[in-house]
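Shown next, in structure tokens, is the structure this report addresses.
All chains are identified by letter, namely A, B and C, in their written order; residue positions are counted from 1 within each chain.
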Amino acid sequence: MTPTTFETEQTYGLRKSLSRAIPYILLTISILPIIIGYAWIFIATFSVRTEGLIPKDAHGNIGGLTLQNWSFLHNPEVWNATLNSFGIAVGMVVGVGFLSSLTGYALARMNFAGRKGFLGTTLLLHAFRPEMLLIAIFQVLLFIGGIPLIGDWVGFNTVGGVALVMITLDLPLGVWLMKGFFDNLSWDMERAALIDGASRFRVWWEIILPQIKPGLAALSIFTFITGWNAYLIPFTFTIGSKVANLPVLLNRFSGDTSLGSWNEVAALGLFQLVPILVFFIFTQEALLNIYGGGSKGGA
Amino acid sequence: MSFTKSPEDNNPVKIPGQTVNFIIAIVGGLLGIVAFFLPWIGFSSGGGLLGSLSGLKIGAGPVVALSKGAVIFRGTPTSYLVPIAGMVTLLVVFLAYRRKIIVEKDGFWLIALGALPLLVLLGQFGEAQRDAAKVGVDIHYLSGLIATFLALLLIILSGTLTTAALARQKPSFRNTLGAYGFMSPTSLLVIIFFLIPVVLLFILSLTNLSSANFGDPWTFIGLGNYRRMFSDKFFPKILRNTVFYVVMTLAFFNVGLALALALLTSHINRRSSFFFRLIWLLPRITPSVVYIVMWKRFTQVPPYGIINQFLGWAGIQHQPYWLNETPWLFVILVNGFVGASFGMIIFTSAIEAIPKDFIIAAKVDGASSWQIIKDITLPLLRWPLLFVTTYQTLSLLVSFEYILLLTEGGPGLFTTEVWSLTAYKRALFTYFGSNQWAYGAAWGFVLVVIGAILSFIYLRVFRFDDLVQEPKIDVL
Amino acid sequence: MKVALDNLTKKWGTVVGADSITLNINDGEFIAFLGPSGCGKTTTLLMVAGIYKPTAGYIRFDDYMVNHMAPKDRNIGMVFQSYALYPHMDVFKNISYPLKLKKIPAKELKERTRKIADMMGIGHLLDRKPAQLSGGQQQRVALGRALVKEPGLLLFDEPLSNLDARLRLSMRSEIKRLQLELGITSIYVTHDQVEAMTMADRVAVIQSGRLQAFAPPDELYDRPQTLFIAGFVGNPPMNFITVDILHENGLFSARAPGLTMPLSAGHTDKVAEKGRVIMGIRPEDITIANEGAAGEVYIVEPLGRDDLIDVKIGDLHVHVLADPEMSLKMGDTVNLQFNANKVQFFDPETERSLLW
């Protein structure tokens, strides 16, 4: 039989604070790669070259801080890509926001034949991952590209086409989220507006939409980030620098530059990160919610 | 005052748009027949809209183009569908006229029938140019184009008139119509970029379409692509890779680490836990390309690589290019650091939803933190765990963006190539010389089927349909 | 505006919201729909408003069938329990919204909105948002919004139940006064029988989707046609005692264990044939006297002006109103005298009144 041992109060307190500290230690270790990655981006952006995390000048000495990596700002190609990125992102915010609030409203608040079927389809698509469809969407875009007039705007190898595909692929999630927001609104308010003499479209636009502004804002942030970051779809459906967006451009740069000029790549990367980080800082709570709850079905 | 009768009891009134419907249907029918002969009078025709959508080469007529005196003739049995549709339309119009039976729904059918050849015609002009260019003929399709747009305009007009008339006649139809107005833009996009691609992907996988024979009529080769896929020399390796990738990422990061993070952050004070969770969200919102640049930098050879710099400080001499040395480690790390945050957020909210009384009661009973986690928290997380596992299995199975950016399936042959990446590369990379769309589609379609089944199952399991409430306003 | 409901029915699958409700409302009349929650009164009101579509039956405004008319074309105003104000608009915009939708010129819109706001006593609050108002003020805004377009029919859906007791009392009389002054036909849905009785010209009692009675308040009170109405109308509620009708020495009497009551002449012939009936009597129609059925005071509930006494006669509990000055205590023995002219009799099977 082992003798019972009693801890002194001191060792007990020590052990307790140690066990309190353990989660912090583990969590800090877990985020180290992320912190280091970001640290490198920041350091590399403003230095001539980096060895590991250490900024070095041309002679290999520590230092060599510079702004020359930002010379890409004089490159019209970059600004064109920025414009394309911005166009896709804004197009997605407007498109997904408008369409999913329109459809989500009908699904949540209207009684019509086939409603159940639409709801089921939305749910199924919202769980479905569309990456594999890109092969077939490619053919569809080629076809649309062949139609006179329309094809010049939303066909293959156009920013419009990319935006349209991205909007559509995000719609099931958007519709489901919006439906969730609409579900929680008061029926009486809508009834009151109908009795006051508004049409259903007007009720949606003047009475209901203002109530779900926070939800709409959250969805907008989410879609803006998705659109701004988009790589795979623009990469697949565009050729050449005229229609490339920032990630596609960056990937091309990082592919054909030597190790030494990675600092310029880092600068361009930071340039891309800035709007994301701004959003991140100002809308943390909404982001956490939407990245978790969003995929859960807005429930 | 006697009771007024409900208008619904009255006999159906005549629909104002009826005459227009007749005209549309007749014009459409005639055009369908004319379209068949267009090639002989100087127009070229290709697959058309329906052709591309269904994957069948439904020509409005046999494709004919003049090339320096020689006539090129290309046709499939399905070419004859269009004139048949036209003739059926005319027949229906004739019968309807004789029997005076055109009311309500029949108006729609007429429009649909009339629209069919017109739509085919519309699609033709896109391909007509290409077809003609192939044999070096400049064709003038402007007059046909104008005719087509005019016909489309007529269809829209008559459709609007008919629906308006119907709405007047049947109030319940008005509700449905209004709701469809709200639904239609989204539905249209979803049909074009979701539903059609699913069907198209399957049809593609039965053909031999590649950039080498692009523009030719599609040749169906049955299940040839699937046979080729399963007998591919690298098929076992790709399958192994896929399973390995999904299981490892899932176990260590998307579920394992996610759960650990959720448990750890729920045991520290709120502000710091919020901070840690936010940092963990960063990889997910970082542009994938930038994120990969960071990771590539980690693995570089000395003096650039960050890992090697740390190794150097630790006095370890073995400093290789880590991405080539242990590619799988980094493929999993890169995906895992993005994937973990999803599970973490879901688990955290599930843990926060556990009634505090349970925890307090267990503490009073003398349970340690670990016992509380083991006996209370984890059993209550059963459903979130299942949810995250199924959802993430699905996304890992079909998403390949990070692997594409990081290793492109390399280094070497198929080292880190997974199923979805194979499908993508086969179809959309100029791989071994050409884009093998059909072959890639076969790879892709298998995943689509798996994905559809998995998402269907998980909708069933999680009873999402219970979340759907009935609208409390009937009218529009 | 005259309103007629003709066999109005609403079903959701097998769930019945309203079941063949037929009633006619005269121009300028104030009607209350009274019933327990979930009885279908709000469903009926929403059908009148045009929000719900009837499954069967017709709604007529001034002899026009309006079943398929959109709510906006019905020229009605509605006040909701939740007020249903538009939170993103200020009071002025809330009240003027119906006018804006009618495309009333800006000048007239302003004048009419101001007039209504002053009438409702909220003229000084026009630039506030609903969230900055008290419950009573919000209800006034809602009322103003309903009135501003000068509707032919006013609908109230439990408008006072979210207010505190004092405010409810004053709003009650205010609504009644407004209705009288403007002479607008009104339908008022409530589960509070006091509200219905004090405000309405006629009360429609609804239970499980069916119309039980449609009559002026005093008639409902004095001559309830069914057991449900008798029990639902009046506070404190009526006592129900199962009695046997006995015929002895040419005299009819109602008897239950421990109490016997002679029938009044007017009632005799209507209940004589029945063996066993349900007798109803209101607490204020029972007096504590020196003789009569003997019972024991079980519980005393002071109501202020009166004491509500629960008297136990055998296994029977009878509620009686008594003067507090009698200062009855638990366990006291009292004798009860029933006012034979005020009793009601109901058939135990059909639950219908045997008298009316």
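Convention: a residue touches a chain if its C-beta (ideal position, glycine included) is under 8 Å from a C-beta of that chain, and two chains touch if they have at least 3 such contacts.
From a predicted model like this one, the values you see are computed outputs, not experimental measurements.
Asks: What pair of chains has the most C-beta pairs in contact?
Replies: Chains A-B share more contact pairs than any other pair.
Asks: Determine, using the mean of C-alpha atoms as each chain's centre, which chain is farthest from subunit B.
Replies: C
Asks: Between subunit A and subunit B, what distance separates the C-alpha centroids? Give it in angstrom.
Replies: Here the centre of subunit B sits 19 Å away from the centre of subunit A.
Asks: Quick check: how many Å separate the C-alpha centres of subunit A and subunit C?
Replies: About 56 Å separates the centre of subunit A from that of subunit C.
Asks: Could you tell me which residues belong to subunit C and also touch two or more other chains?
Replies: Touching at least two other chains: 50-51, 70-71.
Asks: Where in subunit A do residues touch at least two different other chains?
Replies: 191, 194
Asks: For subunit B, which residues are shared contacts with two or more other chains?
Replies: 470, 473-476
Asks: Show me the residue ranges of subunit C that touch subunit A in the complex, using the header's touch definition.
Replies: 46, 49-51, 70-72, 74, 76-78, 80-82, 84-88, 97-98, 101-102, 142, 145, 149, 157
Asks: What residues on subunit B touch subunit A, complex-wise?
Replies: Where subunit B meets subunit A, its residues are 49, 52-53, 122-123, 125-127, 130, 145, 175-176, 178-183, 185-187, 189-190, 192-194, 196-198, 200-201, 204, 257, 260-261, 264-265, 267-268, 272, 274, 276-291, 293-298, 300, 302-306, 308-310, 312, 333, 337, 341-342, 345-346, 348-349, 369, 387, 391, 394-395, 397-401, 404-405, 420, 423-424, 427-428, 437, 440-441, 444-445, 447-448, 451-452, 455-456, 458-459, 464-465, 467-476.
Asks: Please name which positions on subunit A make contact with subunit C in the complex.
Replies: Those residues of subunit A that touch subunit C are 186, 188-189, 191-199, 202, 207, 210-211.
Asks: Can you list the subunit B residues touching subunit C in their complex?
Replies: Within the complex, subunit B contacts subunit C at residues 1, 3-7, 171-172, 470, 473-476.
Asks: For subunit A, which residues count as touching subunit B in their complex?
Replies: Checking each residue of subunit A against subunit B gives 19, 23-24, 26-27, 30-31, 33-38, 40-41, 44, 50-54, 99-100, 102-103, 105-116, 118-121, 123-125, 127-140, 143, 145-148, 151, 164-165, 167-169, 171-172, 175, 183, 187, 190-191, 194, 200-201, 204, 225, 228-229, 231-232, 236, 246-248, 250-251, 254, 259, 262, 265-266, 269, 272-273, 276, 279-280, 284, 287-288, 291-293, 295-297, 299.
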